[in-house]
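Chain IDs A, B, C, D and E follow the sequence of writing; residue 1 opens each chain.
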Amino acid sequence: MNRGKLQKNLNHRPWFRLIWQWQGSVIPSILPRVFACAVFALGITIVYDFGINIALPLESGLVPSIVLGLLLVFRTNTAYERYWEGRKLWGTLINTVRNLSRSLWITIKENDSSDRTQKIATLRLLVAFAIATKLHLRSEPVNEELARFLPEKCYDKLFTMNHPPLEIAFWIGDYLQQQYEKKCINSYQLTAMFKLLDTMVDVLGACERILKTPIPLAYTIHLQQLVLLYCLTLPFQFVDELGWMTAPIVALISFTILGIEAIGIEIENPFGYDANDLPLDQICYTMERNIEDLITLAPCVRYLKNNLSQ
Amino acid sequence: MNRGKLQKNLNHRPWFRLIWQWQGSVIPSILPRVFACAVFALGITIVYDFGINIALPLESGLVPSIVLGLLLVFRTNTAYERYWEGRKLWGTLINTVRNLSRSLWITIKENDSSDRTQKIATLRLLVAFAIATKLHLRSEPVNEELARFLPEKCYDKLFTMNHPPLEIAFWIGDYLQQQYEKKCINSYQLTAMFKLLDTMVDVLGACERILKTPIPLAYTIHLQQLVLLYCLTLPFQFVDELGWMTAPIVALISFTILGIEAIGIEIENPFGYDANDLPLDQICYTMERNIEDLITLAPCVRYLKNNLSQ
Amino acid sequence: MNRGKLQKNLNHRPWFRLIWQWQGSVIPSILPRVFACAVFALGITIVYDFGINIALPLESGLVPSIVLGLLLVFRTNTAYERYWEGRKLWGTLINTVRNLSRSLWITIKENDSSDRTQKIATLRLLVAFAIATKLHLRSEPVNEELARFLPEKCYDKLFTMNHPPLEIAFWIGDYLQQQYEKKCINSYQLTAMFKLLDTMVDVLGACERILKTPIPLAYTIHLQQLVLLYCLTLPFQFVDELGWMTAPIVALISFTILGIEAIGIEIENPFGYDANDLPLDQICYTMERNIEDLITLAPCVRYLKNNLSQ
Amino acid sequence: MNRGKLQKNLNHRPWFRLIWQWQGSVIPSILPRVFACAVFALGITIVYDFGINIALPLESGLVPSIVLGLLLVFRTNTAYERYWEGRKLWGTLINTVRNLSRSLWITIKENDSSDRTQKIATLRLLVAFAIATKLHLRSEPVNEELARFLPEKCYDKLFTMNHPPLEIAFWIGDYLQQQYEKKCINSYQLTAMFKLLDTMVDVLGACERILKTPIPLAYTIHLQQLVLLYCLTLPFQFVDELGWMTAPIVALISFTILGIEAIGIEIENPFGYDANDLPLDQICYTMERNIEDLITLAPCVRYLKNNLSQ
Amino acid sequence: MNRGKLQKNLNHRPWFRLIWQWQGSVIPSILPRVFACAVFALGITIVYDFGINIALPLESGLVPSIVLGLLLVFRTNTAYERYWEGRKLWGTLINTVRNLSRSLWITIKENDSSDRTQKIATLRLLVAFAIATKLHLRSEPVNEELARFLPEKCYDKLFTMNHPPLEIAFWIGDYLQQQYEKKCINSYQLTAMFKLLDTMVDVLGACERILKTPIPLAYTIHLQQLVLLYCLTLPFQFVDELGWMTAPIVALISFTILGIEAIGIEIENPFGYDANDLPLDQICYTMERNIEDLITLAPCVRYLKNNLSQ
C-alpha cells in the first residue's frame, strides 16, 4: 500500500532504528549460544592469565576460513531461494486463481439462476483450495476458516480425508466437466481451465516439496560442526593479542557467524508463523477480496448486449 | 535510440565524468552516515592521542570479514535480480500487448464499422491495463493518464474498484468472449487470446510479488548490525597505524560499504520514481505508440484481397 | 507432518545434539583419510623435532587458496543442484500423477462396470510407473513391489524388457488412445492427457541424465589432487609455529576440507539408499495413497446429477 | 565449421599467441588509464623520495577489498549473462524461423502456382524479420540489405514506420490468417503458427530490453568510484616497500582491474559491431541459407504421393 | 547400469587411485607450461643466488588476487554450465524421441501392412535425426553410421545438403502431414506431434549455439594475460623466503592455476571426442535401443481389443 513512503523511510530515518529492532531479528534465538561462546572465551583468558600458554597462531588456515565463509553464504543463498521460491509459488497461485475465476465468470453460460449460484460456489472453492493448502502446509486440521468457502456437505466430508486440497481440486474439476457435459463450455475452454487447475495442484506439490525436503542432513551437520569448531578456536587465536578484551570480541564474532546460520534455519521453512515467514493469511485474504470483487462485477460490454438481446 | 553512440562514449570520454555524477548515485543518501563514521573515528583518534590505548589488532577475524563481504554481495545480487525480474516482467507485458493486439487486429472479423470502433477501443484497453498496473504498483489512484484509453463509463467505474487492472482484464476478456459468441473468432483463437490475457495478469501478479515481499527482515537487520559493528570497529584497528589519517581513511572505507548497502535498498523496489528505477512511463508510451502504429496499418496482402472480394 | 514442531526444535534444543550425530554425517567415510593426514603431520613433526628444517612459509599462495576454496564450493553447489533437481523432478512426477489421475477419473465416460475396473487398473499403472522408475534408477530388477500395481500379464512381460518404465508409459498411452477410439474422451482431452504422460517420461529421462552424467572427470581428478596437495603441505606450514600441536590442527583442517568433498560425492547421486538420498520409497507411497483416496471419492456435484439423471 | 580443429589449437599452440593478441582485447581502450595510474604512482614515488612520508599501511581494509573484488565479478557475471541471453534469444529466433518455415512449407496447401510464389515470399519475410530486428537493435535505418527479402511495395512502406520488425510480423500474421480464410490451413495449424510468430516478437522485445536497460546507474557510478579510489591509493601502500618499482607494479595491477571493468562495459550491449559482439550478420545469413535450402527441397515421401495422386 | 556400485567405490577405494589417473585429466596438456614456469623460477633463483636482489614483496595486491581467483572460477562455472546445458539438451532429445515415437506408434492408424513399414521407417528417422545432429556438431560428413536408419534414396540425397538434420526433420514433418491428409491422425494429434518435432529442432539449434559461441574473446585474452603475469611474478615473491625450494613450489602453484584454466577450455565444447566430452555415441545408441524395443511391443490392451474387433 503505502510502500512508496516506506521505501523513502528506509532510506532516511529508520536505518539506525532497524538496527535495534528485536522482533523479527534472530537475536533471541542465538543469544544463549553467543553467551556460551563469550563465557568459554573468558575461561580461556583466565587460564591464559595464570600463565599457561594455550595461545595458537592459526592465521595460516586460509582455505578452511574461505570454505566456512562460503558455506555460510551457500546456506544463506539456499535458504533464501527456498523462501523466494515459496513466495513465487503463492504468487502463481494468486495469478491462477485470478485467471481461472475470470475465465469461469466470463465463459460459462448460465441458463437459470441456480447456475449462477453454483458458479459463485465454485469461485469460492478456489479460495477454499488456497486456504486448505495453507492449513495443509502448516499441518493444521480442517477448521472454521474453511467453512465460509465450502458447501456444508463438502466441509463435513473434508474432515475424513487425508489430503483436503486435492479433494477440493477434484470438486472444481468435477464441476467443470459437468458444465462441459451440459454444453455450457466447449472442450477447448474445458482443456484450458483444466490446465489452470493443474497449475494450482502443481503449486501445492511444489510447496510440499519445499516443506518436506530440507537441505541434506550431511551439510547441516558438517556446517554446525565447523561453526562450533571455529567459535571454540577463536579464543586461542585472540587471547595472546587481546587479553581481557578476548571475551567481548569473541562474542561479537560468534554473533556474526551464528546469526547467519540461524537466519538460514528460520527462513528455510517459509510457511509457518514466524515474523520472517510468508504472509500466507494476507495472501489468502487478497484472493478472497479479488473473488468477491469479481462477483459484484457486471461486465459493461456484455451487460449492454444481454439487455439488448433479452 | 542513439545508444550505439552512447556505448562508444562510455568507452572513452565519460569514464572520468561518470565518477563525479551526483544525480543517480547514492552519495546523497549515505553522506550523513559516512560523516558520522568519520567524526566517530576522529573522536577515537583524539582519545588515543591522549595516550589511552584503545587500539585493537583485529586482523584475525577472517571469517566475519568474508561473511560480511559476501553478505553485502548477496544483498546486491538479490536486489539486482529483483530489479532485473521487474524489467523482464515489463518486457513480457510489452511483448504480450504486441502479440495480443496483432492477433486481435488481424483475426477478429468486422461486419460493420462499429465493430472496428469497438476493436480500436479494446486495443486501447491493453494500454490502459499497462498504465493501471503502473499506477497500482506506485499506489497511486486512478487518474487522468488513464482517461484517454478508456471509454468514459469504464473510467468512472474504475474509481470504485479495489484493483483497477483486474477489472480492465475482465473487460478485455469479456470483449473476446462476446466476439466468440458473435462468431467473429473461433474457439481456438479465443483460447489462444485468453492465454495471452492470462500472461498479462501473471505479469501484474508477479510485479505485486516483487513490490510486497522485500528481503526477509532478519537479513536486513543482521546485515545492518554487521555493517554498523564493522564501521565502528574500524577506528580501533587503524588508529595505531594511521594516527591522524584515521578519520579520512575510515570515511573512505565506510563510503564503500554503506554505498553498496544503500544501492541494494534503492533498487530493491524498482517501480518508483528514483533515478535508478525502471522507466515505466517510457515503457507505457512505447506500448501506446506501437498500438497507434498498428491501428494506422492497412495490411498489404489482405487489403488487396478485400478490394478484390468486395 | 509435525514439521512445525521440528522447526522449533531445530531452533532450540537439537543444535548441540545435531553436532554429535553420526548417522547421516560424512564422518565415517572420511575418518580414515583424516587419520592418515594426522599421522603424516605427526611424522613431519618428528622429523622437524630432530632438527631437520623442513618448515615452509607458504602464506603467499593466496590465489591457489582462493581457487581451492571456491572449487570446493563449486563442487558443493553443483552436487546440491543435482540433488535439488532430482527432488524437483520427483515433485513434478507426483504433481503429474495427481493431475493425470484426476483427469482420468473425472473425464473418461463409463458405459459399464468393466470400464471402471479398467480405469482403476490404469490409475494403478501410474503408481507402477513411479515405482518402476525408482527401481530403474537404482539398477534393481523388476520385483514384487511392482506386482500389486500391475495386471499379472503385464507384470510377467516386464521381466523381458530392457526399460520397464517406458513400457508402462506405453500401456497408459495405449489405454488412452483406446478410450478415444471408443469415444469416451474427445481428442482435446486425449491431447492434454498425452502431454501429461509426456511429462512423466521427461521426468524419467531427466533422472537418468542426473544418474549417468557425473561432474566431468577432469574436475574430480584436479580437485582431489589439489585437496591432497593442500593437506600434505599443511604440516610444513604449521610445524614451525605449532610444534606438537601440528597433528591435531592438521586433522581438524583436513576434516573440514575432506568433509566438504565427501558430501559432494555422497549427494551427487541422490537416488540411492544413503541417509542423505531422496526418500523415493516415501514419495511412491504418497502417490499410492493419493490414488487410493481418489478411487474412494464419489464426486459430490456429479453424484447428485447422476442420481437425478438415472 | 572447422571448430574441432580450432578447439585442438586452443589446447596446444595458440595459448601463448592469444596473450599477445591486440584485436578483440580491451587493451586499446584501457591503456590511457593504465598509463595515467603509472604516472600518478611515479609522482608519488618522487615525492616520497624527497623524504615526505606519505606511505600508508592499508592492508587491514579486508572487507572493502573483498567487496571491490566481488563487485567486479558481479559486473562481469551480469555483463556476460546479458551477452549470453542475447545469444540465446538469437538462437531462439533461428529455431523459430526454422520451425515456422518448415510448417509453412509442409502444411499450407497450394491450389495454383501463385500460391507457391506467395509462400516463398512469406518464407523470405521471416529472414526479413530477423534482418529488420538486427537493424533496429543497431539503430540503423531500413536499408538495401532488406530489399532482397521484401516485396517492393512492402519495402517502400517500411521507410515510413517507427518499428519495422513489428510491421513485418504483422504481414506474416496477415498472410497466415488469409490462408486460414482460404481453407489452406485449419485453425489448429493457424494457432500453432501464430504461437511461433509470437515467439519471434518475444525475441525482438527481449533484445530491446537488453539494449535499453543497462545495469542501474548507481552501480556503475559506485563501482567506478571504488576502482578509481583503489588505483589512487595503491602507490601509497606500495611506495615504502617497492621504491622505484612502484610505478610498473601499479600499472600491472590497475591493468588487471580496469581490464575487467572495460570488458563488462564492452559486452554489456552485445548487438553492436565490436570484435566481442554477437555475429548477427552471420546468424542472419545462416537463416537465409536454411530458408533457401528449404525452398529447393522436394519432400521425398510427399513427392511420391503427389506423383501417384496426380 | 552398475552405477550404484561405482558410487560406493567412489566413496571408499578409488579416492587415492583417481588422483593418479592420467587419462581424462588435464595434466598432459598443461605439463609443458608448468615445466616452463618451473624453469623460469629456477632461473630467477639462480640470478638471486648471485646476489642480485630481485625479490618483490607483493602480498598487498589483494584485489588482483581475488579478481584472478574469481575469474578462474567464473571461467569454470561458465564452461561447466555449457557442458551441463549440452547434456540437458541431449536429454531433452532422448525424451522427445521417446515421446514422439510412442505417440506415432500408438496413434497413427494402419490400414494395410505398408503403413506399418512406413511407420517403422519414420521411427528410425528419429534416430537418424539424432545421429545427423551428432555428426553435424562434430563437423563430420554424412557417413555409414546413418545409412542403417535412412531409406537409401534419402541417404543419397543427404550428401548434397548443407544441413542434414534439418532435412531429416523436414521428412518427418512431411510424413506426419501426409498421415493427417490420409485421415490417419486428427489435427490435434498432428499439432502435438509437430510441437515435439519443433522441440527436436530447438535442441539442434541450441547445440549449435553452444558450439559456435565461445566465451567472449576479451575474457579469454584478459584471463590468460592475468594467469601468465601471476605465474611470472610468483618467483619474485617467493625467492627470498624459499630459496632453492622456489622452483618446485612455483611448479605446484602454476599446476593448480593452469589446470583450472585448461579444464575450462576442454569442456567448453562438450560435443567432441575428449575423455571429458559428452557420450553422444552412447546416447544415440540408447535412443536406437528404445525405438527397437518399441517396435517389438504389441500393446497388451489394444491387442486384445484388436483381436476381438477383427
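In this text, contacts are C-beta pairs under 8 Å (C-beta built on N, C-alpha and C of every residue); 3 or more make two chains touch, one makes a residue touch a chain.
These figures come from a predicted structure and were not determined experimentally.
*Asks:* For subunit D and subunit E, let me know how many angstrom lie between their CA-based centres, rounded off.
*Replies:* Spacing between the chain centres: roughly 23 Å.
*Asks:* Would you mind pulling out the distance in Å between where the CA atoms of subunit B average out and where those of subunit C do?
*Replies:* Centre-to-centre distance between subunit B and subunit C: 37 Å.
*Asks:* What residues in subunit E touch two or more of the other chains?
*Replies:* Residues 58-59, 62, 66, 68, 70, 188, 191, 266.
*Asks:* Is the way these chains touch best called a line, a ring, a star, complete, or other?
*Replies:* Ring.
*Asks:* Beginning with subunit B and moving on to subunit D, name the chains as they sit around the ring.
*Replies:* Order of chains in the ring, subunit B then subunit D onward: B, D, E, C, A.
*Asks:* Across the complex, what residues on subunit B touch subunit D?
*Replies:* Listed in rising order, the residues are 1-4, 7, 10-12, 15, 18-19, 21, 24-26, 58-59, 62, 65-66, 68-70, 72-73, 76-77, 80, 83, 87-88, 91-92, 94-95, 98-99, 102-103, 105-107, 186, 188-189, 191-192, 196, 230, 237-238, 241-242, 245, 249, 252-253, 256-257, 259-260, 263, 266-267, 275-276, 278, 289-290, 293-294, 297, 299-302, 305.
*Asks:* What residues of subunit E sit close enough to touch subunit D in their complex?
*Replies:* 29, 33, 56-64, 66-68, 70-71, 74, 78, 118, 138-139, 151, 153-154, 157, 161-163, 166-167, 169-171, 173-175, 177-178, 187-188, 190-191, 194-195, 197-198, 201-202, 204-206, 208-209, 211-213, 215-222, 224-226, 228-229, 262, 265-266, 269, 272
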